[in-house]
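Down below is the structure, laid out as structure tokens.
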Amino acid sequence: MSEYLISLQNISKDYNGTEAIRNVNLNIKKNEFLTMLGPSGCGKTTTLRIIGGFEYPSSGKILFEGTDIISLPPYKRRVNTVFQKYALFPHMNVFENIAFGLKIKKVEPAIIKQKIDRILDLVRLTGYEKRSVNSLSGGQQQRVAIARALVNEPEVLLLDEPLGALDLKLRKGMQLELKAMQQQLGITFIYVTHDQEEALTMSDTIVVMNNGLIQQAGAPESIYNEPVNAFVADFIGESNIIDGIMLEDYQVKISGKNIRCSDLGFGKNEPVDVVIRPEDLKIVDETDGVFLGTIKSVTFKGVHYEMMVQAHDMEWMIHSTRMRPTGMKVGLKVDPYDIHIMKKAAEE
Amino acid sequence: MVTKVLKRTYILFLYVFLYAPIIMLALYSFNNSRTRGAWTGFTFKWYLAMFQDRQIMTSLYYSLIIGLVGAFIATFIGTLAAFGINSMKPLPRIATMNLTYLPVLNPDIVTGISFMLLFIFIKLRLGFLTLLLSHITFNIPYVILSVLPRVKQLDKNMYEAALDLGATPAFAFRKVILPEIMPGVIIGWLLAFTLSLDDFVISFFNTGSGVSTLSITIYSMARRGINPKINALSTLMFVCVLSLLVIVNIMMSRQKKGVKIKEETR
Amino acid sequence: MKKTWTAYPYILWMIIFTIVPLGLLLYFSFTVTSSTGTIFSLDNFRRFNQPIYLKVLFRSLKLAGVSTILCFALGYPAAMFLAGRDLKHRNTMVLLMVLPMWVNFLLRTYAWLTLLERKGLINTILGAIGLPSLSLLYNDFAVFLGMVYNFLPFMVLPIYSILSKIDRNLIEAAEDLGANPFLVFLKITFPLSIPGIISGITMVFMPAVTTFVISRLLGGGQYTLIGNLIEQQFLTVGDWNFGSAISTVMMAIILIGMGFASRYETEQEGSGLW
């Protein structure tokens, strides 16, 4: 018995010579909420479709509880999928849609009825059984799609950007609902999205992908706080990414200034990417600042102000709850542990 | 694997079924023998005979004249109508569109007979004119159906922008509107021309006074049995229709691309 | 840019050349002319209600019905193949299916004459391998063949166009929920393709009922369908009233059928011809 529910081992997939994903290795634990995050075309959906059985990988293995399921067609896998555009059957009503999987398994009608009652209660659509799926709102269709998958009690639920078509407010609500459902049912969720906020809100584990490669996998906090490269740093939250030179351990040169940092282990005078989160830059008096600059623009963002500061040859993005007027001369300060040093991405 | 082979075989069989008769017909148009069974040598004599056949040549002449003139008039009326229909209120528009679909849906034989009744009723002698009028009538709906989508797509502001920039309405129409709808108009014309050449049933009931189109000539010859001259004629007609279709298809795919680009830049 | 008036010539034209002629057709079918003048009468329809004419009507309906079923049986698998995911030259294959539709149908029908006749290719081949020659022409078989040959693409095309528009995700969703390929077809693909089937049936059945050319060329001079009956009344017998009545009956059948079918094809506007 393997300790992981699903193991992807060296999975690659190419379409007519262009590689969609390369050497993906991923272990998924039981009851985990795992999110694959990345820009469109990064290979996250392809990975999901390979787990679902809709794509056949060019090479590699998928172990499900230790046995290879690569040659199993989708209808023999114990996973169910919630599709991006829901894929509800237009010629069936809500009840028939949800009952589809159960009827195929030849579950008794009375039990089907029972199960559907329960699942409709869970997705808060009781009383909608006879409704045509085309008459439902986006959020309701979404919940039917989830119910249709969940009613089969799969070991794993695959969700392909299920909230992409919903408006912001509905999306926020559904995020919390999905997370609650997952905890209540104890099912493994594999979730695909390009929305970093969504990923941070819901996941136990985030897998950041780009160009068909896994960039980083880990808990949301560690991905946000310790991004392994500039791509991850840029994709998760907003960042100032600057070229720097690592002079020696704990010393980095940025924009002409030598600054203390908390990183070590780089070569002497190695060029690096330096990432500083906008909320980690503090605006202080001119005399106290490491960098000196002028406020170029101020934008109100609701919770905070976003200010662009021109300092020497650099433009910094700063988030702060206190507004400074445009044109004001200010100093900028950053704590050593808020400076993230990353190796330059290898040129492809 | 097995199902794949089965599928391929099936579809191959179907295409053979669809094309074998046409290809055989074309092959036999070069056969020296009058009877179809045996191949007795390659010849162009049926083509020669066809070109010397007065009946075939006059009906070709009538087919082309009616096709060309009819398609032009139908395109003119239909294109104007498309603009008018587009600016109608919903109710009259639906009524007019139903009127447009009526001859498209009605069986050809009923359409043909009703035309004939009209012409005899108004004491118009069946012949060239009645043939032309009936061809125009059954062609206009097809022109409208191919021009209307283009007119609907027109950006109203473009015409107004042209006027705003100092163009006269006539100039704006020629330089702004016309280029936009032209692909639809040309396809409508080609469609009308092709349908006109292709029509038999409606022509059959509305001709007289010795005027005959190719379709009618073919029918009367085929009713008497095989005639190698028809083989030659058929082959030529296949080739013409084929090239026309290729042209239409190329134009349509260009038009689609154009629309796509427009959508992308929006 | 209000220029509704540009449609007026067209509307006038259509009233003169479509509404008035159909009105004349109705007028003739509901009247009889004798030496005393023209009077309103249902006699023409009563006459059509006789066994000899009803037999022709039923024969036409039966022939068209069987041809439609044959076209469906042959055409549905073909449409599925064309809509298949793994097809390489899809556009070319579809174009090849459409092309014969644009060849003059007289010529398409005539082409079979040359294959089926007593000294035609098929009998020549049979003779060459020592089999007796068959009489293939001027019977039901030849007419069926001509109908299926002429109308098959009209069945394939609308079904193909619906099948190729079915959201791939729906198929995947059904597989995901445990349906094997057969069940996917039965529960998803087939029900979703019904609008295409209906419009295919319409596009085959309607012209098949009204044809008089295929039956004349391949069925011979004695072979009478309702289309031939109409043609005879107008061109040989000269009984316009009776001919108009038969035309009216046929038009009613077709338009009612169309109205019935159009309830099912709300989405695909005029996709038929292409």
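Note that the chains take the letters A, B and C in the order they are written out, and that residue 1 is the start of every chain.
The working rule: contacts are C-beta pairs under 8 Å (C-beta built on N, C-alpha and C of every residue); 3 or more make two chains touch, one makes a residue touch a chain.
Being a predicted model, the structure only gives us computed values, none of them experimental.
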| item | value |
| --- | --- |
| Chain located farthest away, centre of chain B as origin (C-alpha) | A |
| A-C or B-C - the one linked by more C-beta pairs in contact | B-C |
| Rounded Å distance between chain A and chain C, as computed from the means of their C-alpha atoms | 55 |
| Distance from chain C to chain B - Cα centre to Cα centre, in angstrom | 19 |
| Per-residue overlap in chain B, given as positions that touch at least 2 other chains | none |
| In the complex with chain C, residue positions of chain A that touch it | 52-54, 73-75, 79-81, 83-85, 87-91, 100-101, 104-105, 148-149, 152 |
| Parts of chain C lying in touch with chain A, wherever the complex brings them together | 167, 169-170, 172-180, 183, 187-188, 191-192 |
| Contacting residues of chain B [partner chain C, same complex] | 7, 10-11, 14-15, 17-22, 24-25, 28, 35-38, 77-78, 80-81, 83-85, 87-88, 92, 96, 99-100, 102-103, 105-110, 113-118, 121, 133-134, 136-137, 140, 144-145, 156, 159, 194, 197-198, 200-201, 205, 215, 218-219, 222-223, 225-226, 230-231, 234, 237-238, 241-242, 245, 249 |
| Contact footprint of chain B on chain C as seen in their complex | 1-11, 13-14, 16-22, 24-25, 28, 74, 77-78, 81, 84, 93, 95-97, 99-100, 102-115, 117, 119-121, 123-124, 127, 149, 152-153, 206-207, 209-210, 212-213, 216-217, 227, 230-231, 234-235, 240, 243-244, 247, 250-251, 254-255, 258, 270 |
